[in-house]
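Each in structure tokens, the structures are laid out below.
One chain, chain A, appears in both complexes that follow, with chain B as partner in the first and chain C in the second.
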Partner chain A sequence: MGVLAFVAKRIGIYFAVLFIGLTITFLLPRLMPINPVDGYIGQLQSRANGTMTAEAITELRSTLETLYGLKGDLFTQYVSYLKRIVFSFDFGPSFTYYPQPVSAMIFNALPWTLGLLLTATVIAWLLGNMVGLVAGYFHKKKAASILEFVGILLYPIPYYILAVSMLLLLAYIFPIFPLSATFPVGQMTPEKFGMVIYNSLLPGITLVLAGFGWNILSMKALAVATTEEAYVTYARLKGASNWTRMTRYVFRNALLPQVTALALSLGMVFNGALLTEMIFSYPGIGLIMRTAANGGDYNVLYGAITISIIAVATAGLVIDLLYPLLDPRIRHK
Partner chain B sequence: MIRLSDLKISYRIGNRVIDAVDGVTLTIPDRCIVGIAGESGSGKSTLMKAIYGDIQSPMYLSQGRIDYSLKGADGRPVTSETIRREWFRSLSYIPQSSMNSLNPVIRIREQFIDFPGSDSNKKRVLERARAYIGKLGLPAEAMDSYPHQLSGGMRQRVMIALATFFQPELIIADEPTTALDVVVQKEILLLLMELQEQMGNTILVVSHDMGVHYQVTQKMLIMYAGRVVEYGDTDGIFSDPQHPYTRMLIDSLPTIGDDSLRGVLASTAGAGGDRAFRVEPHLVEVKPGHFVARGEHSAGVAA
Partner chain C sequence: MTIETNVVAPPVVSAAPLPGKSGGNLLWLLNPRLGIGLAILLIMGVGSFILPMFAPVDPSIQASYMRNLPPSGIHLLGTNSLGQDIFWFLVFAVRNSLTLGVLVALGVTIIATAVGLSAGYIGGGFERVVMLVVDTFITVPLLPILIILGALIRGNTSFLSVGIIIVIFGWAWDARTVRAMALSLREREFINMARFSGANTVQVILREIFPYVSAYMVVGFINTVLFAINTEATLSVIGLSKVEVPTLGSIIFWALNYNALFTGQYVWLVAPIIATITLFLGLFLTSTGFNAAFASKRGVS
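This part shows the complex of A and B:
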């Protein structure tokens, strides 16, 4: 199979995954026995002490249904839903912050979440793999077990405990970082950028620490197994240096499963976003999702879920396209 | 020439010490193919590791010494301490598991130049290596392949190319053909013999296959429970085996219709344990160049 055919096929699968994801997102809330328009009208009616006339209610219902894309039968709704998302990435207005469009809210929050979580995930992965590699390659040396100990120590701490402890330690007891982060709005200047970095450091460090331990442990286990491989022994008997054997032999081969793990954790950054952004009051998607879930803001939830689907599918796509570059055995199938 | 003097190689496992090679004294001359035979656990591989200079924990040299007639790159004679610097320069190694001794994610050509024994002028090495593998029956494109694109026989040819490319004076081949089918096995062995003739170096071949020894080697070393029981010209050993263990090994070559050996154990325990044969470490020269260990033969098993 040619490279182009492979890429085309993989991208085809990507769009199929997105399509199925969007369809499920569309269907799930509609299978629930609650009608948000009825609920909304009921709220208004009770606030207005039932003074709304039947015509006014019909008119309101029609307006709301158009606004929220709930007009017509299921299929008409589905077609217009897909059209709106695919062509204008339009999820309608937020219920809570009416009339602010959901897409604008998401696009405002997205750079924050991606900036913090992607960076932290990648740094944790890089550091964890480096430490894990050294710990695994030199697993017969006593000093290397100290490195593994770092992983064993960090890995089981639940993130919320780690985050709150770090906040207490580095923002309250030793006030190095701000207790509650403040972020500048408007045009980005170098000064504001520095402020953003400074305010993002503490949540970033906790995220790196949380992801670090697992990466050490899994890379260590992979590296230990790889050092036993016949080709590593042979490289040693060829006289290849420790550095060559560690990087080109052990690391290159142990890396493959770790890349998959990285892709999965990159796809899951929005899950991590929720807790981090709550604890550090960080203005990203997680915070928006939480507010939306509390306030029954369906459109915002739709938007956030769609973004998550896109993120997971894209991470999978990137890894699938990257993998053949790392493993020749896949390239030639 | 390699001279082993009262060589004792041991493994330390916990508080136990196992003497895998237990007092071996012999001289291996230059320019010949020497076969090493013996059952699993008889110390063949340990002896090969020791000669190759790959002595690392938990294995250690507990007694005796190995003298090489090799000259190092710096002109000084090679010793057990400095031999690592000569790996894939003046001595090389063909591993047992050729099928997975090549790094699966790196091209063959990279594996010709990623060690210090290789010339620092990588481009020149590659040009010469490309021409060289052609002589070994490999297409030049094999250099640009990944290991999984080559067949088992081709991979073994690559291993032989790697081991012989730098014209070493000593090659240690640890069961070089075990993973191959009989036809490819023969091709590889013939190739090895041809190369040895051209280079005029010494090859030590470890094998369980007495047929291989008969076809390939000029001299043979029979090991049993960490000691050498017989050492001499292959022809002499096959025509007139002196030690009952050697006789059993030779008789183990199956003949169609003969199952008299079924159920006979050569030894009841491996290295360092109880010996079915009592083997003295000292060899007696029974004929010119034909050495045998004396001892009370057949202590446990009828030979």
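This part shows the complex of A and C:
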């Protein structure tokens, strides 16, 4: 399999995943016994003290169904749903912030989420792999097991516990960071930029800590296994220094499964980022989703989940396409 | 939330069958990690299942006691702003979370094993389609979907249906691992041997492949318990699960909702944090301990 075949196959899978993902998003809410339109009408009816006439309700229902994309039978809905998303990226208007289009809301929030998530993931991945490499390469030394212990302690802690603990520790007991983050709006100035960084530090640290533990553990396991390989022994007999063996021999080989693992775990990393945003009131996709979920703003929810699926699938694709650069075996076949 | 990603490298399956466990003596399994992990699980598990029988009142009922009492002899951890005893709420929370975790893990393990084994063993076009679905379920971020479902069925849901939803979206990781193991087994000589001896597909899967995969399944099972408890708690914390039911997440939801941080009720927030970390550490140590024990038994550690 050459590089071209590899890329073509991967892109094929990408579109299949997108298609299945979008179909699930479409079907799930429609299979649910609850109809958001009914809920919304009920809400309006109670606000109007039941004074709405039957005709008014029928009219309202048909307008709402058009807005939600619930007109026609399931297949017609499905086709128009795909058409709207693929060609015009249109999720309809938000109901809480009518008539603001959902896509605009999401595009405002996306840079926040991506900025925080990318920075935190890269830092966690690099740091975790370095610590894991050292712990694995020197796994016979006592000091290395301390490094692994850090991983064991950090890894099983769920995101939400980590986030709440960080809030408790660094914003309440030691008030280094603000309890609730404030983010300036409007034109970006150096001052405002500093504020954004300062307010993003706490959620950022939480995300790094959360990803850190797993990277240590899995890199350590891989490094231990790789250190036992014959080619590492050969390098030692050849007279290669400890540093060369660790970086050029063990790290390069142990890196490959770690890249694959990162691509596969992106969905979970993304989940964690959403949750972190909700707990820290960070103005990204996660916060939008939480507000929308509480206010029953379904168009926003569907838009956010569709973007999430596209974002995660695309990030996975990019990582996998970088793989041939790291693995010469794919390039030279 | 990357709980199940530690199964990326499936344990190596050796060619020799597992040596018989001599006379039911399971001591060969024990290593320090497993010991500590099992001890934590035993204490928390037994404690949370026996203690509720002595509970003075159902802790999920609000206004049973005076509000915001400090810890004392009667209320070990004090009471919260809803007039509930924090200690008893926590005990019930551990029990409910553990029960949910075990039930979900049962469901996930059954589905994952069936899908993974059949895909790995049957192969061909069937396998390609199944793996595409599996990869999609892995790639699609779970939390947004759960948030939509949570928003739709909130209030009308039972605690059990939350579990069912987690099963529907949680089986893919395990299925992938089981299939990877089945793949490595498919080419083994003894499978062909059984084939040539006239065993049919079901018999081969049940008698030849299953015994190999079962050791791993224990580890996968515990990881899924972790995943399930974590997912439910996550939904609870943002208020989209059945928050009236005491779980490790709902207790934090109420504490955050009543601003326990601002009113200085540390215990309300710190107690569930410590309980959760201890429980998760116990589960995690048990799972890695088992893994290490099985690996050393196979001679590949």
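The rule we apply is simple: the second predicted complex is superposed on the first by the 303 of 333 C-alpha atoms of A that agree within 3 Å, B and C clash if a C-alpha of one lies under 4 Å from a C-alpha of the other, contacts with A are read in each partner's own complex, and residues count from 1 in each chain.
Following the convention adopted for this analysis, contacts are C-beta pairs under 8 Å (C-beta built on N, C-alpha and C of every residue); 3 or more make two chains touch, one makes a residue touch a chain.
Quick caveat, the model's predicted, so the values are computed rather than measured.
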item: First (chain B), second (chain C), both or neither touched by A:16; value: second
item: Which of chain B and chain C A:25 touches, first, second, both or neither; value: second
item: Touched partner set for A:246, first chain B, second chain C, both or neither; value: neither
item: Greater chain A contact set [chain C / chain B]; value: C
item: Contacts of A:319 with chain B and chain C, given as first, second, both or neither; value: neither
item: A:235 touches, of chain B and chain C: first, second, both or neither?; value: first
item: Chain A-touching residues of chain B, taken from the complex the two chains share; value: 52, 54, 57, 84-85, 87-88, 93, 95, 97, 100-107, 110, 114-117, 146, 148-149, 162
item: List of chain C residues in touch with chain A within their complex; value: 1-3, 5-6, 8-9, 132-133, 135-136, 138-145, 147-153, 156, 226, 230, 233-234, 237-240, 249, 252, 256, 261, 266, 269-270, 273, 276-277, 280-281, 283-285, 288
item: Sites on chain A touched by chain C in the complex; value: 13, 16-17, 20-21, 24-25, 28-29, 32-34, 36, 152-153, 155-161, 164-165, 167-168, 172, 179, 210-211, 214, 217-218, 221-222, 257, 260-261, 264-272, 274-275, 278-279, 289-290, 292-294, 296, 298, 301-302, 304-305, 308-309, 312-313, 316
item: Of chain A, residues touching chain B in the complex; value: 140, 229-231, 233-241, 244, 248-249, 252-253, 326-329, 332
